[in-house]
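Once you've had a glance at the structure underneath, I'll fire off some questions.
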Amino acid sequence: MAPRRPPVLLLLAGVAVGGLAALPAVYLAITIAGEASSAADAVFERRTLEVALRTVGLVAAVTVGAIGLAVPLAWLTVRTDLPARRLWATLTTLPLVIPSYIGAYLLVSAFGPRGALQGAVEPLGIERLPSIYGFVGAWLALTLFTYPLVLIPVRGALRRLDPQLEEAARAMGRRPAEIFRTVVVPQLVPAIGGGGLLVALYTLSDFGAVSIMRFDSFTREIYIAYQASFDRTEAAALGAVLVVAMLVLLALYARLRGARAYHRAGPGTVRPMGAISLGRWRVPALAFCGVVVAIALLLPVGLLVYWSTQQLGDGLALGSVVGNAGNSLLVASLAAAIGVVGATCVAVLTVRFPSPVSALVERLGYAGYALPGIVVALSLVFFGTRVALPLYQTLAMLVFAITVHYLPLAVGPLGAALLQVPPRIEEAARGLGRRPLEVFGTVTAPLVASGGLAGAALVFLHAVKELPATLLLAPIGFETLATDIWRQTSSGFFEAAAIPALVLLLIAAPPLYLLSEKGTVTS
Amino acid sequence: MTDRHPDTPASLTIRDLRKSFADTVAVGGLDLHVEGGRLCALLGPSGCGKTTTLRLIAGLERPDAGSIELGERALTTAGTFVPPERRRIGMVFQDYALFPHYDVAGNVAYGLGRRANRGRVREVLELVGLDRVADRPVHQLSGGQQQRVALARALAPTPELILLDEPFSNLDASLRERVREDVREIIAAAGVTALFVTHDQEEALSLAERVAVLREGRVEQVGTPEEIYSRPSTPWMAAFLGEVEVLAGEARDGRVKCELGSLAVETKAEGTVEVLIRPESVAIGITGPPDATEAEVVGRRFYGHDQLVELRLPSGRKVSSRRLGFPAWHPGDRVQVWVEGPADVLPGS
Amino acid sequence: MSRHGKLLLALVLALPAVVGGACGSSEEPGSNDDPSTPGITVYSGREPELIVPAIDMYEDKVDRDVQIRFGDSATLAAQLAEEGDNSPADVFFSQDAGSLAVVDGEELLEPLPRDILERVPARFQADGGDWVGVSARSRVIAYGTDVSREELPDSPLELTGPEWEGRVGWAPTNASLQGYVTALRKVEGEDVAREWLEGMVDNDAQAYESNTPVRDAIAASEIDVGLVNHYYVAEAIAENGPDYPVRVHFPRDDLGSLVNTTGVGVLASTDDRAEALGFVRFLLTPEAQRYFAESSKEYPLIEGVEPDHSLRPLARIPSPRIDLSDLSDLQGTLDLMRDTGAL
């Protein structure tokens, strides 16, 4: 059946949202235009290609690593009789609250040449540990603190699996490992793909972790280009390459997802599955979970708590922390709320009225997420000072920038939830005399509410850690926890940053919990 | 309790309705008239356009051409298109499309607007026999109950027309019979014009007062169940509804001569014709009337309440005969064959 | 969802915003409690700890608030360039001359009046007078007190020798060190710079994120010497007492003790030129200069204010033949450093 045309208002809203989310990309285009040859030079330089390859390598490695961690953890915590499953489920999800730059710094503190581990093994005669810097460090920092982006949807998918498929395979005599590989994993592909996409895009755009780990990635090139040049053409050209990379990733993901419809024919209950017994694998499984949680969660948090207590001992003013926390909360909540509204327009457009236009709107929106924060920030400096001067450096513009940066995150869960609502139901409502907008409010919205919550939680989680846009666009004097941490660490007072960092984790934890309960991250 | 039923149930008139999707013609010039208050079935094989027709009537699709009128209102014409929410047409979907976030009463009340009249809701629930489960969440109900909720929901706003899309296909076979009866009674009690779509011939023939058979987007034949069954207007119709034997025959002066004897039929045709005979009209016995033909039983399928007996005529041609389950016939039996019951004649090709 | 459920959900969702709005503040660090009329806006690449007390002094004097946006000098320079004429900033206070030169290159600064420029030696201001230095710092070789003074090299270039293997620390990402490399390239040539960088890498020089960890590492005897700015050591000594085990050595080679300056410029887009200039003037008053000398151990630039007595006087630091504005060619330096594996 051919797709219908969307109502004009919705189309306009969706295009508006997509257009606004694409502002960073537009900024890049404008900056490059007119300097096309020098831009091309910058892109096709030998070193740029080297760095590009290296970055691609990192993205691939981190994505594979995150999936490699997340899928077994998900399976262990959902489908087996692992002791204290719920506890492990929560603990393994938590590392997502730790911003990658803090995580990277903590890893260096622990495993670096002057870190705690070095101190511990020196008496044993080990002079120098293998360096944590470079590719390994960057890979570790990014994998450890983004794998929950895959873990959460895979757990959700595992919970929704139909047991009959596996029972049929068992009846045909297949062993559990084989069943896992040939029956379970293929059903998990959408969840793995969606989470993997987010991890890949995050790695592309991350700056904090790679700079601490001294890994020469694309974002670092961009940052250095900004530092070094009179004109920002080179930086913009590199940013444009990132956008292209993102589009490629999205295309791959779209191919992977296929055009499946997910709505069920009618209400049905999934029979709960029996837990698979681990037997003698219990101890190794526990060890695996334990190691991951120890390095990705206990170690960073432990270090932060340790430093915090030291700071408290030194008599630190807590008042500013409360104020900054309030600001972080405010900005993140507003960004989450507005992001969900915008994402709803895009999701409805893409799911109910698919067309080349809606696909373009969705793809462009991801530009905000794939580009490093500094590019997003500068694009809004550019547009803000030219088009919306009265709003420049106000809270409104800051929230707008952060929303643009993270809005795509909300589109995923909303789209997934929308796919679960059969269009029939909306048609039934219309047949019963309600106008389309009423139908949306009384039928569609309540049914996708959980997707909306998940989207809001995702945006909140990222917005609360945001740094570059806040530095450039916040009203003067408006400090958040992230800017406070940055300020301390750039002065070298790393320990002083521990308390705001800890407060940041505390604020980020509830939305994360909400997210993991909903079990969906993307469609 | 006021009688909220319309005094004169509205009639539905469809003229030359057309709808294509990409290169496929779903509905190609459909004409249909359903009198007010009647229960009419749209019957056809899959892909014949019946669901599309239903959606066009409901306003969920826009046709390429044609008009739809309900009662005195023009719903769809060249110049007008009334959106679905203003058509006052109730619709029951194949998978019920109940709102999972409302309970039974909430679902039924939905079409009554923001401030639903509780009395009306109760009234309708009583009509379908679900007043006692008004507070239950819909997923806790059985398939049959869910279907009745869907029906109640569609009836609550006193629509002028109610459309049902394969309403019984999701039910267990054992339930179906009873549910069909219940639904027919409910609709009759509501006094509303109803049109339902099905591919199940038995359903259409047993339930509806009028049956319209669709073929490739057009109405092939419309009439009462008996009419279309015993007097199919085309060979395709004859083949579609039930089984039919097509014999060559010679017609003269109101009688037709064919391999099964000389039959009296109502026809003005002369010369070469095709004789359409249902297996139920093929009688067999050890002895038969004078013009009976000899035949040999070559096969038999037993269905409990009836049996289908395959016979070979002297010419070598095979025909089937549907008889009651007993007496049993067996392959090898030599029997007499004749025609008892309606036969139809079509101009020969 | 029940009505109660909906209400509860709405409350939960609104809670963060409400709490945030209530708790959040726009308290400017270092602002006075008395509400005064708002004054100029400063983009500062210098950290709050280093300049807030000076700003406070200024605000007291003129009884007006100063709005400060803190950031990284280079990023702020990019932001100013993007903002162009619409920038809300009046003054750019940079951590280093390079960022000032970038902003100057975009023609966003306007020349400062002679009375300001005269207060500061010529080598610590822009050629065209678009920006002026406020305080200076010198590159030094810091060393642990258990290193013999005879060993200390005359130039950082010597640190690539085999006797220094694994004993040297530096901060390749630090703007001051990059400034040194730029100076090396300009004065001694690309080849010398390249050789030195490769030599340092081959010699297992220990890389740290910034100057502070380098100094700390020397104090902890992890390394013996390090390339830092002078005031890191001076600060530590002031804080920890004369027993602090790190000292500074000014290499005889003039580039090795390259002096760079923090600086300030007035943006052409300012709508309060008088006040902006007043602020700049204030930074060059004895009061402010004494603050920089005493609290952060930097070199004051005006006549009549002496640096901390533990520091070698500026006049005795060999002065290289380089225009600080030339240090803006960061691009080439960064390329070279990455090429050689230093970055």
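Just so it is clear, A, B and C label the chains in written order, and each chain counts residues from 1 on its own.
Heads up, the rule we're going with is that a contact is a pair of C-beta atoms (placed from the backbone, for glycine too) under 8 Å apart; a residue touches a chain by one contact, two chains touch by 3 or more.
Bear in mind that the values here come from a model prediction, so they are computed numbers and not experimental data.
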Per-chain Cα centre nearest the global Cα centre, belonging to chain
A
Name the chain whose C-alpha centroid is farthest from the C-alpha centroid of chain C.
B
Roughly how many whole angstrom separate the Cα centroids of chain A and chain C?
34
How many angstrom lie between the centres of chain B and chain C, each centre taken as the mean Cα position?
87
In whole angstrom, how far does the Cα centroid of chain A sit from the Cα centroid of chain B?
55
Can you list the chain C residues in contact with two or more other chains?
1
Which chain A residues sit where two or more other chains touch them?
446
Quick check: what residues of chain B touch more than one other chain, meaning two or more?
101
List the residues on chain A that touch chain C in their complex, please.
47, 113-114, 211-212, 214, 216, 224-230, 232, 320, 322-334, 337, 374, 378, 381-382, 385-386, 389, 392-393, 446, 449, 456, 460, 468, 471-472, 475-479, 487, 490-492
Per the contact definition, I'd like the list of chain B residues that touch chain A in the complex.
21-22, 58, 60, 83-91, 93, 95-101, 110-111, 113, 138-139, 146, 153-154, 157, 170
Taking the complex as given, what residues does chain C use to touch chain A?
1, 13, 16-17, 19-29, 31, 41, 47-49, 67-72, 74-75, 78-79, 81-84, 86-88, 102, 105-106, 173, 206-207, 209-213, 217, 220, 222, 328, 330-331, 333-335, 338-339, 343
Along chain A, where are the residues that touch chain B in the complex?
1-2, 265-269, 422, 424-425, 427-436, 442-443, 446-447
